[in-house]
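You will see two complexes here that share chain A, one where it goes with chain B and one where it goes with chain C.
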Partner chain A sequence: MTTSAPRIRAARIEAPPGKTRRGWTGGDDSRLAFLFVLPAAIGLLAFYFWPLLRGMWLSFTSWDLLSAAEFIGFDNYTRMFADPVFWNAIRVTLVFVVLNIGIQTVVALTLAVLMQRLTQSTLVRSLILTPYLVSNVVAALVFFWILDFQLGIGNQVLEWMGLDRIGFFTSESWAILTVALVNVWRHMGYTALLIFAGLQAIPSNLYEAARVDGASEVRMFSSITMPLLRPILGLVLIISVIGSFQVFDTISVTTGGGPINATRVLQVYIYDNAFAQFDFGYASALSVAMLAILMIVTFIQYRITRAGQTDLN
Partner chain B sequence: MTTSTSRSRRQGRRRAMWRTIVGSAIAVGLIGATGCATPTASTDATLDYWVWESLQVPAYQKCATGFEAENPGIEVRLTQYGWGDYWQKLTASLVAGAGPDVFADHLTKYPEFVTRGVLLPLDSLEATRDFDGSGFQEGLADLWVGQDGLQYGMPKDFDTVALFYDEGTLEDAGMTPADLEDLQWNPEDGGTFEDVIARLSVDENGVRGDEEGFDPGNVDVYGLASGGAGGDGNGQTQWAWLAAATGWEYTNADVWGDEYYFDDPRFQATLAWLFGLVDKGFMPSYQSVGTSPDPVQQLGSGQAALSPNGSWTISAYGRLEGIDLGIAQVPAGPIGHPVSMYNGLGDSISAQTDYPEEAAKFVAYLGSDACQIMVGEEGVVFPARPAGTEAAVAAFESRGLDVSPFTDLVDDGYTVLFPVTTNGAEILSIMVPVLEAIYIGSEDVSRMTEVNARINSILQE
Partner chain C sequence: MTQLSQSSRTVADDPTPGPAPSTRTRPRIRWGKIIAWIVMVVLLVITIFPFYWMLRTSLSSNSALAANASSLLPVDFSWGGFQRVFGLQSIDDAIADGGSGAQLDFWRYLVNSVVVATGITVCQVFFSAMAAYAFSRLRWRGRNLVFGAFLLSLMVPVIFTLLPNFLLIKELGLIDTLLGIMLPSLFMAPFAIFFLRQFFLNVPIEVEEAALVDGASKVRVFFNVIVPMSVAPIATISILTYMTAWNDYFWPLMVSYTDESRVMTVALGSFAAQSPQGGPDWAGLMAATLVAATPMVILFACFAQKIVNSIGFSGIK
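The block that comes next holds the complex of A and B.
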């Protein structure tokens, strides 16, 4: 990762000056090149920018799909700020993200460090990645059955141990934690592998030097691994936090947002409004709010973790 | 020389590439055009007909075949989607202008379709202009009359609610099916209905709910199965039959009411009694059944003894193994007789259809004795025409099932209609979390007063 950056800069400098002078209108090849870029550009405009702009426009309208969208100014936003379910959805989403990312990062970091320090086996690495190969919906449904209050083997085991059964997906206090843990189970291997790749980039002579100085494993972890891993950890956090904010499938196939509103995260609430009530205007306003939140969160994260800079130099 | 050669070669390559691009575009266009080719000469019109109930597909396939035989030149294409996908696909296809010509419609959905102008009134088409509502079970045709007085659906089938049970379970409790006849219920002490539920509840030590030492925290068999909080279906199989037996009604009118009565003390007392059964150990808790409880499964697994459910589930109960299935009427309430919700489905014609007159012919056929008897003979639902209902009753009887607890209520007029109002989806989204909270026990039934005010303010907007 880190070593490739200077090479790219060098490549830019070495580019023949003639190419840049002619520009895209200058030569015949550039027109053909433009033609090749066109499909991707059209794709980007049609499937990315246009829906984004249209979504923003729709958030200022009242639209139920069947009749024409009617401009209503900021009504959807006024309604949103006064909507207790919206604020509850924000709270539930944040709780989910904190639980999911918090647990996931600690587990993944531990796995990655163990992988690097104890074994370099490709088999172990592949095994750790296996849950990620299962689709979210399948993983969620399997856990939904395992943890079923009546029939689930999870609750059977609790009972054998002399404990009370737990409504993992059906109790208000457990549901969001359960959903977060299902997501942790599925994503931890992938995250661990990303972090492991970052660990591989740390020069081994640093550890050798530390070992000569008599540093313990814990000391090496806190003084070498963590500081040098910061950029990659920052990147992993940004990616996983964005993914975590967008949780939908795990909840949709298990609790559907319930009990009451205990797992009604923002995405589920957006879906309810759009596809159950066909209130696309309001759903669009909620989506714009989601976009704004994600942008702020990413910006803050980027600044805090300084993910664009490395301490290796 | 060399530059001009290479340039002309490059131009040649570019021309070839342009030719390929343009050629491919034309080819794709041609393939697309052939794909849109009109049906063969023998077919004048192809009608798309959508339904959501998979068990009804064979019956309606027969109707479609029968209709095609009577109307050469019109072809019917039957499509089925599960309930969840059905409404999304339907709405999306109506937006895209590619919806079905005729589709099975529900009372919670059609008011919004009427408001958006996507349905053709039957009165506007020749084949259905002389629609006669009296040819159907009483009241069913009125459910499909819009606020403008026009008919937007052809009655298809109807459903009511009764109690399913296993005769073996009754025997174990020292009871017979006769003990389930003429049950009385009231929201204060539950009447003889609660006595039966208590008797049928058994804790893990084998102690019955009406015996000393019953442990409500460790129950093996619950007297009453749980169908959930009922927020997403107006409590049709959960509390509607109890609340209506107190004399309570949903709204201020049979259809198109603009004021709900969820603030009525009789309604709230009913909810308090029903969900109070959880603490008594007579009904499974929300925690144990979750968001989509299945009363069929609860009876089948021996987890519950009495399983209240709609007539559309008769076949599902019939397929349970190791169960000696019996059906009993819901209990009589303070008004002196039992009451069930009476819900009717219908067939509607899309305003986007290219063949409105042909669609009307098909809908007229769907509402005819000929088709409804065929549907009845399949023994899945009760068709809306009396002859169809009789055929269904006979079909169930041939399988050893006495379904009179469902039909007697209709014959006696002991029914309450499904509430047809505007803003159905929005109302349900308000009801669901609150009723769940009441079932869980984290909200008091009095919260329904506030919910009622909110719903009524939406209706009066």
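The block that comes next holds the complex of A and C.
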């Protein structure tokens, strides 16, 4: 920066005034750049940074939107740490994330490997992406119907197989698994395509060499595919875990957090506090907790999976 | 297959006992293949079946659905579900048919969704492209610093900005308006800026310089050189943006209160909640989900190849 600045100034003195305005000689485009970045910068400041600061500040206040916000120090936080529903929400969220991501990753990895081994067809790839095209709301409602206790085809099938009907969305022990599976259904194809892209990047001569040495498919998967896939798998995991922590839509339109608190994840609890209790201060404190959890999780994951590095070279 | 025969040849050339492993490998791989195909087909059926079930249910009538829940074909075929969704059925008929009788004007929600998704896509992609150009091709002081600030915004989880953004929209008096739903997404999306910047960097500098030598301004270079040469990535990011905007639920749920600004996803959520006595109007609900899902599926069908292939390099959104 310090070295280039004088050079630009020197060029400006030497060049005739008409030419610098065009700027292609390597001059300074500050004025134009300002105009080009301005709209995006407004968006960044007004809808990313300002709400970030404001959210932090709100978490130290008591505010019902009607009267003025009142500064109450750490009261929201002491209340939060003593709130059993908050700790339950953390537990439910973690259970959801583990179920969601665990199943989703296994299924998506299976799909990706199968696609790589069996078919490269665009049709298959388009089909598995279809659930990702519909909204969470649509996915949730379809399964709400398929898994309905009385009329759902899912429960009909269970009955044919001689099993008892299951209240997928109404039983306290099943609801969270059901919601997790709905999310798996919507995201597995998309995740599989991301992993598939990572698989394509593994040089095929590695497999050929292993085959020449007589390695089995299982052996090739564990010694070539998995280690070389680690960086992309790590990246995919980080993205899906962050998304998974913020689950809201699926639960909001089906169970609404119930039965009792069985699916009241943190996000739903935040919404309840803000829009049912009009307690924006407390809802903001809960959001700060969410932000902290997300940052810690991302950091740990990044360290474990070493997503930034590659073993390819 | 060629690799297989190759490997058996190498094994055969080897003086140590060879043919035995290769004969054992062949049938095992074939069995493995059959199992693999079965797993694949099962996963595909799980993926597709719910869509079929939506269609089958939406074309059935509610009373027949209760009596015959497991028929694979529509039971007592009827357009009633779709008629209720679009308000084409009289209220008495709708109630008799298992509907709630509440007036739901899905045309309106459809139009609202189209306006919101189109507005967001056009503005967001355009402004993001402008910023991406400034970050990739213009020279100015503090470029890296400002770009770093945008990088940071990628790490702010959406949830954290929702409540304060709701307050801001409220203070601007835009609650329950389509503009209020659109505003936070109109100016940019960090991901769109990074995505487009990456492509703009790849436009050969010679092309740009040639245009500048010919006397074009940098503004013209942007509109006449950079944008036309990046049609494919701009189309990809536009489709992704459109899908995200169309499928969004949480934010519109916060902002919209009446039909004035209700979009499809929010309408679906409230449709599900308005169960008449005697169970929800499943035929109507499935017809409504189908109406909400179809535009995205059509959009995707038109651009399937492009989207599927772009997921590889664009990475993750």
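In this section, the second predicted complex is superposed on the first by the 285 of 313 C-alpha atoms of A that agree within 3 Å, B and C clash if a C-alpha of one lies under 4 Å from a C-alpha of the other, contacts with A are read in each partner's own complex, and residues count from 1 in each chain.
The definition used in the following text is that a contact is a pair of C-beta atoms (placed from the backbone, for glycine too) under 8 Å apart; a residue touches a chain by one contact, two chains touch by 3 or more.
Owing to the predicted nature of the structure, the values given are computational and were not obtained by experimental measurement.
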item: Partner chain(s) touched by A:Phe169 [first = chain B, second = chain C, both, neither]; value: first
item: First, second, both or neither for A:Leu32, with chain B first and chain C second; value: both
item: Comparison of chain B and chain C by chain A residues contacted; value: C
item: Contacts of A:Gln150 with chain B and chain C, given as first, second, both or neither; value: both
item: Which superposed partner A:Phe275 touches (first chain B, second chain C, both, neither); value: both
item: Touching partner for A:Ile260 - first (chain B), second (chain C), both, neither; value: first
item: Chain C-contacting residues of chain A that also contact chain B; value: 28, 32, 65, 148, 150, 275
item: Residues of chain B touching chain A in the complex; value: 7, 10-11, 14, 17, 88, 91-92, 94-95, 112-113, 116-118, 286-292, 303, 425-426, 429, 432-433, 436-437, 440, 442
item: Complex interface listing, chain A residues touching chain B; value: 28, 32, 64-67, 85, 148-150, 165, 167, 169-172, 255-256, 258-261, 272, 275-279
item: Complex contacts: residues of chain C adjacent to chain A; value: 3-4, 6-7, 10-11, 21, 25, 29, 32-33, 36-37, 39-40, 43-44, 46-48, 50-51, 53-54, 57, 65-66, 69-70, 127-128, 130-131, 133-135, 138-141, 143, 146, 149-150, 153, 156-161, 163-168, 170, 183-188, 190, 193, 209, 212-213, 215, 217-219, 222, 243, 246-250, 253-254, 265, 268-269, 272-273, 279, 282, 285-286, 289, 292-293, 296-297, 300-301, 304-305, 307-308, 311-313, 315-316
item: Chain C contact footprint on chain A (complex, rising order); value: 1, 5, 22-24, 26-30, 32-34, 36-37, 39-44, 46-52, 54-55, 58, 65, 107, 110-111, 114-115, 117-119, 122, 124-131, 133-139, 141-146, 148, 150-153, 156-157, 185, 188-190, 193-194, 196-197, 200, 208, 211-212, 214, 217, 235-236, 239, 242, 246, 248-249, 252-253, 267, 270-271, 274-275, 280, 283-284, 287-288, 290-291, 294
